[in-house]
Every structure is written in C-alpha cells, then in structure tokens.
Amino acid sequence: MLQTLFNGFVTGITMTLPALAVTLLFGVLKFANFAIGAMMTVAAYMAFALNAQLGWPLLPSTIVVAIVCGLLCIAVDVVTFKPLRDRGSITLMVASLGLGFVLENIARLFYGNSARSFAIEIARPFRVMDIRMNKEQMITIVVSTVAMLAMYFLLTRTPVGRAMRAVADNPSLALVRGIESGRIIRWTWFIAGVLLAVGGVLIGMDRAIEPPMGSSYLIAVFAAAIFGGLGSPLGAFLGALAIGIVSEMATLVIPPNYRIGIPLCVIALVLIFRPQGLMGQAHIRR
Amino acid sequence: MKKFTRRDVLRTLGAAAATPLSAPFLNLAHAQGANIPIGVALPMTGNAGAYGPDMGEAARRTADLINKAGGILGGRKLELFIEDSESSASVAANLTQKFINVHKAQSLVGYWGTPEGMSSRPIAIQNKVVLMVSSAANAITEGDTQGYIWRFQMRATDWGIVISRAAERLGFKSVGVMGLQNAFVLPIMKVFEERMQAAGRKVVDSLVYNPEQPSYRAEVQRVFGKKPEAVFCFGLLPDFVSIMREVYRGGFDSKVVSLSIAADAEGKFIQGVGAQAAEGIRHFQPMPDVAAPGYKRFLKLMGAPADRIFLFPPNTHDQIAITALAMEKAKSPMAADWSKQIMAVGNGPGEQVDDIVEALKMVRAGKNVNFQGAGSTCDFTASGDQLGRGMGQWVIQGGKQVFVEYAKP
Amino acid sequence: MLTVKDVAKSFGGFRALNGCGLEVRPGTITGIIGPNGAGKSTLFNIIGGLFPPDQGVVELEGRSIAGVRPDKLAGLGLVRTFQISRELGELTVLENMLLAGQGQSGEQAWANFLRWGLVREQEARTLAKARALLERVDLWHLANDPARNLSGGQKKLLEISRALMLDPKIILLDEPTAGVSPLMSRALTKAISTLRDDGITFAIIEHDMDMIAEICNPIYVLAEGRTLTSGSFAEVTANEDVMKAYLGKVAA
Amino acid sequence: MISFIILMSIVICFSAVLALALNFQWGSGGMVNFGLAGFYALGAYACALLMLKGGFNTFFATLGAMAIVAVACGLVAIVTLRVTEEDYFAIVTLGVGEMLRLVALNEDWLTKGALGLSGIERPFNDWVAPTSYSYVMLGFCALMVAATVWFLNKLARSPFGRVVRAVREDDVVAATLGKHVLWARIRIFAIGGALIGLAGSLHAFYYQYIDPTQFSNIVIAYAFMAVIAGGRGAYLGTILGASIVMVLLEGSRFAKDLIPSLSSDQLAAIRIIIIGVGLIALLIYRPQGFLREYRLQANLSGSKQQSP
C-alpha cells in the first residue's frame, strides 16, 4: 500500500517535466503540442548516443542534450509552426501530430526497434520505512524539484518569464505580435525543449529506451496538464503528481492494463466539473 | 513518361474484365516448365525483426541447393519472393495477396508471428494455396483448414507443457505469472497455470499486461510483491527489458523464468539491461534438436560454426524442403494436389532421409521417404500441427547464455 | 425594449464591468461611447450571450436573457455584429447571407434526403431574400466571391445585411465604422438611419463622433465599467465628468 | 498483376471512405479526430461481432457498425464539447481512441484479444464464384465510395452543409446567427462516425480477419495525409489523396530493391517520415490541397424570383 503510493509518486514526478513543458507551450502558443512524446524520445536517444556510444557520463550528456534540444525546438518551431501560426490551433495540432511521427521515426531510422538502456550501473534498492527506493528515483525526484524551482524563479523573477506568464495568464489577450512576441516564443520553445530533454532522460533511466517510449506518456501528461489547468505551471506539477498517484493506486482495484483509462477519466471529470482545471483561471477564447 | 490515352485505359479495363475467365488457363500455362514461385513473408521489422534476415538466408540457400541439384518436376527451378511482413497482420495479408495473385505462388512460407498467420489463413484457404507458418498460437490450425495450413513450430500449449514440467522439476512451490497481451502467450499461460495447480503448486498471481506501456512498475509490484519463489514472465524483448530493470531495482528476489525471444533476442536483452540484472534468468524456446543429423547438415548449408543455435531458420529450410518433396511426390505444382502429400513425405512410411537432394532423388525414383528436417523430424498431425519439435532451456550466468537442456513435450 | 441594470463582470481579478446599466427604447438608435477599456465590448458580449454576467439584470422585452445562449437570442430577435468583422471567410458572400436564414428545414441533415422538395422551396425563398438585401447594399455582384476577399467596409455591410436576414427586432452594432473609409462610413450611417425608419432598433458602440452626433439618441457614456451618464449628444458633451473620463484616460 | 491491382484498389476504396469520414469531421466541420484508429477499430469489431456473435447478415452488421460508431462519436462530442473547446477535444479523442484499442486488445471474452477475430463473412459471398469475388468486392467498395461522396456532396450543398462550414469557420458567429453550435457539432461528429463505421466494416470484409495491430496510430497519419493532399472539404479530392497515399505506401514495397543498403526496418521508418514531412509541408505550402471545397455559385444575372 505505502509502496504503491510511493511508486505512484515516482510515476507522477517523472511526468512533471513534460507536463510543465506542455502547459508552458500551451500557455504561450495556445495549442496542444502532440509532438512532445516524440521530442522526449529523440532527446533520450541523443543522450544514449553520448552516454552509451561515446562513453560520456550521463550528467554532462544530459546537459549537452538539454541545450541542443532547446535549440532544436526553436529550429523546429521556425520550420514547422511559425508558418502556420495564423491558421488556428487545429492546424497547429495536426502539424504537431505529423511532427511527432517524423521525430519518432527518425529515432527508429537510426536505432531500430530494440530496447536499449543508458550506460549506468543499475543498483539494488535501499529501504526507508520498509519502502523500497532506488538511486534513479532519488535523482528523478531531485532533478524534477530543482527544475520546478528553477521554473518558478524564471517565471517570477526574470523579464522573459514575466512576459511569458502575462501571455499565459491572459488568454483573452492574443499574443502581441512583433519583436517582443518572437523573443517570448523562442524562449518558451527553448525552455520547453530543455524540460522535455531532461524529462526524456529521466524516463529513459526509469524504463528501457525504445521509439514509442515518449508517446506512451502522451495521454497521461496531457491529463496532468489539463487537471492542473492548462497554462498553469504549479498546476502541471500538482496535476502530474495526482495523475501518477491515482493511476498507480487504481491498479489495486482495476486491472492494471486499463491504467491508461484513469487519466482519461480524470480529463472527463475535469471537463464536466471544473473546465479550467485545478489551478487554472476561467478563460474565454477570443 | 508515356501518357495514358483513353484507349489504353479501356484496354486495361478490358483485360481486367477478361481475367477471371482466363485465370485457370494462365495457371495451366504456368504448369509448363516455368519456375515454381514460392512466397516468403518474413519479419524484417517490428518486434521479431531480428529473426527475418537469417530465415531469408536459409530459404535462399535451400532453394539454391535444390535448384543446383536439378530442381523439381523435371528440371523446374524454385523461385523465391522474399518480403517483409513488418510483423503486421494487414501487411502480411496484402503480401499474401501479392504472392498469390502477382507471383502465382502455390506455396507460402515464413509467417513468423501469429497476426501474420491469422490474417493470411483465410486468403490461403480460399485460393487453395498452402500456407506454412512458424507461429505458435493454437488458433492457426484450428477449425477447417482443408489441409492448406501447416505449422512448422510447437503449438503454444505444448510450450506451456514443457515449461511447467521444467518448473515442477526445479521445485518451485509458489509461482507468479505475467504475460504480454499476445495471441501465443495466453495459451502458454493458461496451460502453465493449469499444470502448476494440478501439480499442487501455488499460483500466487497471474496478470496480463499491454505492450508499449509507459512503465511496468504496477505490474511488477503486484506480482513480485507477493514474493513467489519464481515469476514466469512471458513477453517480448522491449517490455521484458523494462520489467527486469524494475525487478532488479525494486530489490525483488523471486527467480525469473521467461522466453528466449525476450530474454535472449540474439543478445539484445543482456545488452539492454546489463549482466547483473540478467543474472540467473532462465528462458525457454522451441528449438531444433541440435544433435540430429538434419540440423548438422543445415549448419553446413548455412556455413555456420558447429555450436551455433539457429532457432527459426531451420523451419524455413524445412518448409521449402517439404514443399519441394510434396510437389515432386504429387507430380504437380498445384497446392490442391501436393498439399495431400505433405504427411506422406514428412511422416513416412519410408526410409528416413535428412538430405533434401537425396530425398528428392528417392521420391523421383518412386520410393517412399520419411523426411527428417533441420528444425524437427517434420512429422505432422492431420490438422497441420508439427510433432517432434522440442524446447531448449538456457540460464543466464555471468552475462552469458548457458544451455541447460533440450526437452520434447 | 432592452434593459440592462447593475451588471457586473470580472475576469480573474480584473473587474471589466461594475454597475453598468442602460435602456434601449424601441425605434431608437442608442449610442454607447466611452474610452478604451470602459467595458463596452464586454457589455455587448454579455447581452449577446457569450458569457453570463456575475450579477445584474439583462432583459429583452421584459424577459430576462442573462446567460441565454446566442442562438436562442437570435430566435428572440436580437442579433449583433463584431468590432472586428467576423465574416465567414471561406464561405461566399451569398452563403454568409443564406446561413443566417431562420427556420431552414435543410439544416436537419436528413431533410435534405427525405424532404428535398420542401428544402428546395425554402432555399429559393431564402435566396431571393438574400439577393434583395445584397442588391440594396450593392454587394450582389460579389455574391459568389469568398467573403474574405471583401474590403473592410464591404465586410461591415455584409455583417449588417447578414444580421437583417434574421428579421431582427434589435441589432447591436460594435463599431460599425472601425476601419472603414469615410465615404463608406457615410453610406453606413445613412443605411442605419433608413433601417431605423423601417422599425429596427439599434444599439451602437462607436468612436466616430460625427456618426454618433448624427443618428444616435440617447447616448450612454461608459467609463471604468459603469455608466457615467446618458442623454442627447449635446447633453452628454456638456457633461464635465465625460470630458474628464476621456481626458483622464489620456493623462494616465 | 491485374488481380493485385484490383486488390490494392479495394484497399484504396476503404481507406478512401475512412479519409472521407475524417474530411467531413475535420475538413468540413473543423473537428479534429485523433482517435480515428480507435473508432475505425470499433467499426470493424462491431461489424465482425454483430455477425459472429449476433448472427446478423453482412448488410445489417454494416448498418449496426455505422450506428454504434456514430453513437460513440456523438457521446464523445457531447461530453467534451458541452463545456469546452477544440484543444481538449483533440486530446479526448486521442484518449478515447487509445481506450477503444485497449478494449479490443484486452476483452478476450468479446474480441478474442490479441488473437483477433477470424472467419468474418463477406457480402455476396454465396452468390459469387471465389475466383471472381475480388471484382465483386471492388465493385461493392467502389459503390460505397461513390455513395459516400454523393452523400457528403449533397450534404455540403445543403443548408446543413452551410452550418457545418460556418461552425468550423467561426462558432461564435454561427451561434449569433441562431445556429445551435453544440448540436451541429454532435451531428457532424456522429455522421463522420457512421462513415468510419462503414470503412471499418469494409476493412473487416476485405481481410476477413481483424486484430488490434491492424489499427495502429499510423492509420491516423495516412488519413490526415489523404485529406490534406486531397483538399479539406473537397470530397472528390480525398479519393485522389487516399489513392496517392496508398500507391506510395504499396509502391515503396515494389521499389525496395532500388535502395538495397537500407534495411526494411529503416525503409518503414523512412516511409512514415515522408508521410509526416509531406503532411507538414502540405499544411504550409498547399493548405487548400489539390481540389477545392464546394462553394455555392449562384447565377448572378438571373432575374429576381420573389420579393422578400
């Protein structure tokens, strides 16, 4: 029981970074990006290349990949989403779906379908109050918390962050066009890229690295972001934890192979009872 | 590029309309001295992608061997059409249509996975073409196959029998079972659980999981958390890698037993989880009897070292060999004729031969043969299931696969 | 005809409307003016049913319409236009008009297959009506063009004509002359007063003071989410608070 | 070879029906459906099960499958759209599609799980000789495509079609003009659902065997590609788009020998990359597709028929 609760906590915290990325991208760009799963997969494979193939330690690999991914996201935005910006969120969503297919299969093109792992020693667990925990889980918790705090600092203390928040908080205010908005969008993509890259590496530490690894998190991550209120970073954090814990705890009563149904039910309940989500504000489009 | 005129289009349509009438004649035309086409659908992509290339090589070398020795039916050569089934049901069905309709194949071989076999089965029966599969799920040969469907593999329930017998001998008092939601895993699980319970062993938990899940923490926690002596985990490589990482880092001590397609996968498993996490895992897989002369001959054909264990390529070899023998015996390339001779050349009565060239000579001379294949003794039940194939058992020690034993059901 | 009393609305922490009220009497063109951010468009959005007020009364002919869906309001005879023209760009000008026809059986999918005679007859009637309206504003020759190809002023004309397809009792116009050439603006003003003479009531948000002065009476002045004052153009312009509201905004 | 082309044409036909369904939901109605693969599976399974377990004949099984998918789609639209907007809708369709596939995979008692359903009966099977069945099947599928196009074109030209497009362009305006937007959207999604059910039934008839692996997410990419290439809202174009996509896919199987250095694994990946890149490129450079959506063209010079 307690162990399951802890497992849920770990599952949840693994999803916090992608959920943050989703909510940030949605807040500023106003569309649901379905390519985030594949972006995480690509990041995990990039880290795998540096770590397992070139023999770098995982930490510098992750840092390099995070920066590269951030820049890559900016590039992807310029190539893919920028020309479509005026076309409404549905077109952007469809484009992101296509982008997801492309990215996932680029990983498949180079690495095939077989499962891989980072070149790190996996260790037996230690026990705290009879709960089994392991090193990777500790790393995940620390990294996610640090990232959350960094995000908080970024959004509240820096001019770019404040601008991002202003855009995210005020959905009736269409994104101001001009140089300023270009800068905000680039920063948003960069930060989302970094979050997704780190999230991808953490997921790769948790399970095997294979092409569908990122997309398998897609629904749960979106549920987390919606539950927390799309556009609200704190909400995304809490939403991810809640979804993780609820879906692991639910396996005590429902068959585990329907776990994916839990996030879906959460979305449905949120839509019916509190469309703005846990921490979000009521918002009206247009 | 040539432009299509309306007349061209009309002519094509006219040809299309005329085809059903002329189809039988076309087949007759084929019967006169042309090559004998064989469709080979192999998994080059997807979760079984590792096995396709070797199976293709075995098929090619076997066909070459037969062709060099003068072919069959008075000098006609076997012509292989090797295609990727992508481990997918609909791709395999489209391929089967292509083999039958474009290449006019009367023999379809390969078909590694259950989806491929299941989707191609009705097409083969309808077109009266022999389909030889390598898949294990019982359903493939169930029902009325009209003698067109032949399995070159142990039936899944037989896997369960061998594995449960081994489990009894290993003395596990309590076991947990987890299986991937997959057509050939479920019958294995069912038989295994029944046998364990019948033997008075406790099955503490049994669950089925989906492929491509974000994580398998909940499943591992539920089954291993009940601390059975051993957990039998029937799955494929990607899910098994994730599960074993979870098991090792979760600090569970139950012994793990699995299938070689997950726990070996041509070395990819140990690469994936590392040697410590893989230590002590036992795994099973139907395999050829490596001591049999037929298998040794096959190794020579493949130019492989004497200790090399091929799991599936020998089946492909046998499928082509049996096709050739049955055609020769029936003196006809049409499946409706030679499908009736498969048991005659496979089960005997007749002299046991393991050399396909020799066997063909004998058949031509009007003698009875009992062909002994590379993958098995090539004995069949009337429903199309293969007898005489056994299972190997390995254990992973120090990052190496150590062979334990070979057993038949 | 249309009564708004003490309406308040907040978004997040921001109070867009706070004790706003007005009264539109039948047969008038009621003008609504006020500095940017006074809450004029929010007021129209509430009357138009886009979102309900937090508190207050909105009545159409004595019947509360607070929170009633826009499509129901259309049935009650209330239509609105938008500050930035919202023509349906991918539809032709004519289709924009036909869409607004009410009581079309053909809007039930099955009727097009089972009662196609009726649908065709109604369609012909709707078409004739649309044609008459388009010819009146000299847009008929553009009827087959996608609406997005129209000029700003033509779009405004189309929006008003489209509203007329509903045979409304009252039309809310949100800045009908914004982004329109002076010449077209004149024509619009004239068209609106003609329509008023035909018995249609208007409420207009407008910045063009010439237009306000010419056709609107009474005029309501909104500032910071509430009604400052109301009266004729002369009365309103003479009011010191009004000048302060406008100038204060500029000073701040 | 001819027979193979015939068979591929059948595949093109039922892919085209699926793409037409998507073109109605998304192209005309602006309702994106990322759960297409799941609803497609629902259609195929419903049709197969109605025959295998319900004892229906092929005709009523197809109608039943259409009704079931229509209701499922309608329900998704009701629950999701009552309160909110398109981004959530896309996510919910994705999740529901996933869930439907899980049910197909896990409910052994009903769907036989991963083993799949076999022995699916085909229409007119008793009346036609097996050798010429594929021609009849092609004729039947082509007829279904033609009927679907006729039906959708008729709808597009009707007042209902106007409402559909208006809701896509601007739901607020449509509401202001007295249209019940939620009800319109429910109908759009349900009608599209019925067509998905039809496509699923044809799929089941063609393969005579269905299993969960046939309904992977790649189906979604293909359908979107077909719609975008053909032109949003342009139904004839969709047939063209579906043909192009299927010919590319199947053609690459024939062209494999040209690049021997690539493994089939990589070739499969490249094929999907091409589809994905093509999808984005078309969205950017040719969003209107090859053919254009229907627009009413009235006779401008004709005399007035009636005064209002």
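Residue numbering begins at 1 within each chain, and the chains themselves are lettered A, B, C and D in the order written.
Throughout what follows, contacts are C-beta pairs under 8 Å (C-beta built on N, C-alpha and C of every residue); 3 or more make two chains touch, one makes a residue touch a chain.
The structure presented is a predicted model; accordingly, all values stated were derived computationally and were not measured.
Q: Pick out whichever of the two, A-D or A-B, is joined by more C-beta pairs in contact.
A: Between the two chain pairs, A-D has more contacting C-beta pairs.
Q: Where centres are the averaged C-alpha coordinates, which chain has the largest centre distance to chain C?
A: Comparing chain centres, B lies farthest from chain C.
Q: Where the centres are mean C-alpha positions, what is the separation of chain C from chain D, in Å?
A: One centre to the other, that is 40 Å.
Q: Give, as an integer number of Å, the spacing between the C-alpha centres of chain C and chain A.
A: Chain A and chain C have C-alpha centres separated by 44 Å.
Q: Find the geometric centre of each of chain A and chain D from their Cα atoms only, then give the gap between the two centres in Å, rounded to an integer.
A: Between these chains, centre-to-centre, one finds 31 Å.
Q: Provide the list of chain B residues touching at least two other chains, using ranges where the numbers run on.
A: In chain B, the residues touching two or more other chains are 45, 49, 181, 208, 210.
Q: Which chain A residues sit where two or more other chains touch them?
A: 112-113, 255, 257, 260
Q: Among the residues of chain D, which are close enough to touch at least two other chains?
A: Within chain D, the residues that touch at least two other chains are 102, 105-106, 172, 265, 268.
Q: Could you pull out which chain A residues touch chain D in their complex?
A: Where chain A meets chain D, its residues are 26, 31-32, 34, 80, 83-84, 87, 89-91, 93-95, 97-102, 105-106, 108-109, 112-113, 218-219, 222-223, 226, 230, 255, 257-258, 260-261, 263-264, 267-268, 271-272, 275, 285-286.
Q: For the complex, give me every residue of chain D touching chain C.
A: 154-155, 158-160, 162-163, 165-166, 168-170, 172-181, 187, 191, 293, 295-298, 300, 304-308
Q: Which bits of chain D are touching chain B when the two form their complex?
A: Touch residues, chain D against chain B: 1-8, 11, 102, 105-106, 108, 113-116, 118-119, 129-133, 135, 207-211, 213-214, 250, 253, 256, 263-265, 267-268.
Q: Write out the stretch or stretches of chain B touching chain D in their complex.
A: Of all residues in chain B, those touching chain D are 12, 15-16, 19-20, 23-24, 44-45, 49, 52, 83-84, 86-90, 93-94, 97-98, 101-102, 114-115, 118-119, 121-123, 126-127, 137, 139, 143, 181-183, 185-186, 208, 210.
Q: Tell me, which parts of chain C touch chain D in their complex?
A: Interface residues on the chain C side: 48-50, 69-71, 73-75, 79-80, 82, 86, 88-92, 94-95, 98-102, 104-109, 111-113, 119, 122-125, 127-129, 131-133, 140-141, 143-144, 146, 162, 165-166.
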